[in-house]
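Below, subunit A partners subunit B and then partners subunit C, in two separate complexes.
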Partner chain A sequence: MAEVCIQCGAELNAPPALCHSCGAIQPFRAELSLFGVVGLPESYDLNLQELRSQVLQLQKILHPDRFARADATTRRFSLEWSTRLNEALAVLRDPLKRADYLLQRQEIDALGEQVKVADPSLLMTQMMYRERLEDVLAARDQNGLDQLRGEVEDASSKAVNKLHILLKKLPCEQVDEAGSVLRELQFLDKLLGEIDRGEESLQNL
Partner chain B sequence: MAYSEKVIDHYENPRNVGAMDKDDSGVGTGMVGAPACGDVMRLQIKVNEQGIIEDAKFKTYGCGSAIASSSLVTEWVKGKTLDEAMTIKNSHIAEELELPPVKIHCSVLAEDAIKAAVEDYRSKQGAGHSHAEVAAAQVAH
Partner chain C sequence: MALMQIAEPGMTADPHQRRLAVGIDLGTTHSLVASVLSALPTVMRNHDGQYLLPSVVRYCEDDKVVVGYPAQAAAGQDPHNTIASVKRFMGRGHEDVQLLAGHLPYDLVPAEGMIRLRTRAGEKSPVEVSAEILKVLKDLAVETLGSEPEGAVITVPAYFDEAQRQATKDAARLAGLNVLRLLAEPTAAAVAYGLDKKSEGLFAIYDLGGGTFDISILRLQAGVFEVLATAGDTALGGDDMDHAIAEWLMAESGIHLDDPLWRRQVLQQARQAKEALTDQEQVELTLDSGQGAPRVIQLTRKQLETLIQPVLQRTLPACRRALRDAGLKVADVDGVVLVGGATRVPALRRLVSEFFQQPVLTDIDPDQVVALGAAIQADALVGNQREDLLLMDVLPLSLGLETMGGLVEKIIPRNTPIPAAKAQEFTTFKDGQTAMSIHVLQGERDLVQDCRSLARFSLRGIPPMVAGAARIRVTFQVDADGLLTVSAEETSTGVRSEVLVKPSFGLNDEEIARMLQDSFAHGAEDIAHRRLSEARVEGERVREALQGALSTDAALLQADEKAQLDAASEHLEQCLAGSDADAISKAAEAVEAAAEPLVQRRMDSALRRAIAGRSIDDLGE
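And now, the complex of A and B:
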């Protein structure tokens, strides 16, 4: 059954926060996916510009500031939609979080706190990167740091490319493989954070 | 969140940091990682002819609790048999270091690392001559 506007009764199109006929704000729907809230099809391959402009456009209309004088129910709808849109932008624009979200939709928790990795080649590589980071920072070797960053960024893009292939068809059928690539990407992401912190420490001393 | 004094002590003065030759048949290496926090832990044991862990080294990239957990385990396993080392539980580590609930997973990582190191040593022994046999043969020559 199609959803209809609470005000004018017109059929609602995606994104469903606002009626396209009369512009009325609609009751928040917690069951919608982050893609559904933004009005984009569920896919790993996302046009980031489209995502951003869609969210900004909706936020302009739905922002709670615009409803400061509205009734309590409308204010609540505005706050709920607006909060969820922020979450959608934060999760969907990030290749790591987007992939994690898609797997979570299949009830796969690839990055949970309890999840541990024992893949020796992955761990060996991570250990080696960390040791190199420690060495270049100790030697205050900016070139070495730039080179390491380049390699880690390359490895990250390779992992993202693999995720594009594994998540091309949804629901994903190779969830174990996708999970392990996601975990690799998570390690690389944390490492890039450490490289950033190291870079700051080199510049501040 | 405040770290306990014991965690800070291990963090500031980690025991047994370093590496052993992972290709040495008398060395067992355990590596584990936790993607959620990006931690990577390597724990190595050197086992003598009597099957006693005579030395242990670790290298951990991660938070203070992960470093302290692995540092503590290297202290604990020295002088122990492999079977004794296998009985180390994350709850013992967490209790000794007074880890808060959000850091319990760091002690789990250390437990996994020592188990992996013992298993690595055993699989090396199983694959070829036992370390004791090789040592005996060397003595004989």
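And now, the complex of A and C:
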């Protein structure tokens, strides 16, 4: 069933927030995926420049500031679309969140609390990295910290590459493997955050 | 005869077609109004040619209200009825301002919600006092524009929380202004620079006012301003430089006099010396306490710079944090904008320029830049040109909910672009629980007591279910002005509850600064606290569950099993009274192990009850 514009009745194209014939803002549709809202095909391989400019283009038209003098219903549509666009940009621009979102679309909660991580080699790596971080911070060793950051960033981009392969075809068929890479990436992300905070504490002392 | 106006192509100069709007910088010490006139953002001047209106309001004996310089001049002789720096009271409760109150001569009235000030014109809320300032600015605008402005953009510090934003909006409404948008001050400054220069890229906005410091990182691309991160210290400003200089002057003069008037006089001289040393290499000050001979003291720019260096250095950690939050390095920053009178100090310009490894932008008067940016945005919002401009703000402080054990579950982290919405599911803690209290908090720390309480409301009518079965979905919606609506719904039954969070008071400046700094300083302590709280919650859950089971099914246990379970349960009680997280967790595990037979038999008997009276056919399906 084709969706039609509430104002002029024309058929709606993607992205569906605005009518391409008359420009009217459409009622918000909560069922649309984040990709659908932005008007991009569902895929892990995403051009970040294109994503950003697409979202900003849409925000320029749909943001509540554009409807500061409109009626309450129109303002609500604008608020809902604009909110969802912000969410789309935040989730889709991030390799970890984007992969997690794609798996969630298949009803797989890889990062949920119920998931027991039983990958001993990941646990060992985690412990090793954390000990090293503690050591370099205790020694106030900026070079050691930079080196550690470099290694973690490398490991991170390797994990993202693996995700690109695993999520090339959607829906993903190797969900267990994708989930385990996702958890690894989540750990590396957190560790980078700790490295940053550690560096800040070194600089501020 | 009026001068002829020449319009740029594509722009209309016809005042009947062009919509008029103003930008207002409602500041702690000064306020000002600007508008886009003939395509140029311009500050509005009064008959005396002044554009800075001191943010001082005096309630006079003849029922008149005086605002600005005349009010400021009367502050000394009529302190109770002359209100300065009212911005610090906006959206604040009585407890919030206790710290400030000691330094200020006002007669504060403890009231429900926002603080009130007792004057001869009656009790005034900060909203009413601010409205007096806005009325003067509005009148100036009407006079300059020749008609009522259609709307106004009012700037607020990036760190203003819900309550403070709401209070600002209320004050504008009270002054008869139609608020198009509240805009973060640094964003406004970036607008003024970004558009004037048609530049694109990443900007750092370094805003050092009289009493607050803000640093914001913004990205400008294709006409969209995006706030990537904000940080700051709301108890740091140009006043701290003046105090540092004044302390030195007093020590140097050898006059030890504990007299507020004398202190104020020295402070005044310190400020003048600081300003003079922007252009001069050296100043000579005469300190006269009225007791003994006046002292003459020389102050060089070098000495001044040494004195204020600690204040300047204190701005750098926030700069690093904002960069980190934005995921950027110093080298990524394309421009640094200075805002606030205190940024005229040469040593500051040098330091900021060294930190960001580039010359700083100072072309626009740092006192005007915020109002000019607000005027540009107001012009865009009423539908004039510049359709290309869009400002996207972020949430200044994290929003969260209280969960069991006095912990805060962050729902929307700070620096999330707004508008934003987030939903989170919670569940019931006790069997048959029919109501749930929802406590909304703002701040960065893990514990409820360390965050600002924004609102409490109850979701009632939850159908009685076993603990953990209800699904309560709480949705936060933050609009483009940073104002919050919270709604809660029990998803299996559709029971709903909704509030527009309009808190009666907000955070005080020191509190915000402390909360942000503390969230880092106390990271480890919070983790320990969190573990203990979580262990307690878990321990209490086990205890509750056990009591529930024993109250109906104690008979299912054999005597030795019962004794063992009682012992484990008693040990858990003891541990819960203490503060050892590990001990509590172990004790809770021991109770669960000892309760194993009971759980098993309860399940068996429940199963038997469930299938009793049903035929084999029913079970087969």
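Here, the second predicted complex is superposed on the first by the 205 of 205 C-alpha atoms of A that agree within 3 Å, B and C clash if a C-alpha of one lies under 4 Å from a C-alpha of the other, contacts with A are read in each partner's own complex, and residues count from 1 in each chain.
What we mean here is this: a residue touches a chain if its C-beta (ideal position, glycine included) is under 8 Å from a C-beta of that chain, and two chains touch if they have at least 3 such contacts.
Quantities reported herein were computed from a predicted structural model and do not represent experimental measurements.
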Clash-or-fit label for the pair subunit B, subunit C on subunit A: clash
Subunit B versus subunit C as contact partner of A:72, first or second or both or neither: neither
Touching partner for A:30 - first (subunit B), second (subunit C), both, neither: neither
Partner chain in contact with A:138 - subunit B first, subunit C second, else both or neither: neither
Partner chain(s) touched by A:190 [first = subunit B, second = subunit C, both, neither]: first
Against subunit B, colliding segment of subunit C, chosen among 77-85, 275-283 or 527-535: 527-535
Common interface positions of subunit A, toward subunit B and toward subunit C: none
Of subunit C, residues touching subunit A in the complex: 151, 180-181, 221-224, 226, 316-317, 320-321, 324, 380-383, 387-388, 390-392, 416-421, 477, 479-480, 520, 523
Contacting residues of subunit A [partner subunit B, same complex]: 110-118, 120, 122-124, 126-127, 130-131, 183, 186-187, 189-191, 193-194
Touching residues on subunit A, where the partner in the complex is subunit C: 52-53, 56-57, 59-60, 63-66, 68-69, 79, 82-84, 86-87, 89-90, 196-197, 200-201, 203-204
For the subunit B and subunit A complex, residues of the former touching the latter: 31-38, 40, 42, 59, 61, 105, 108-109, 112, 116
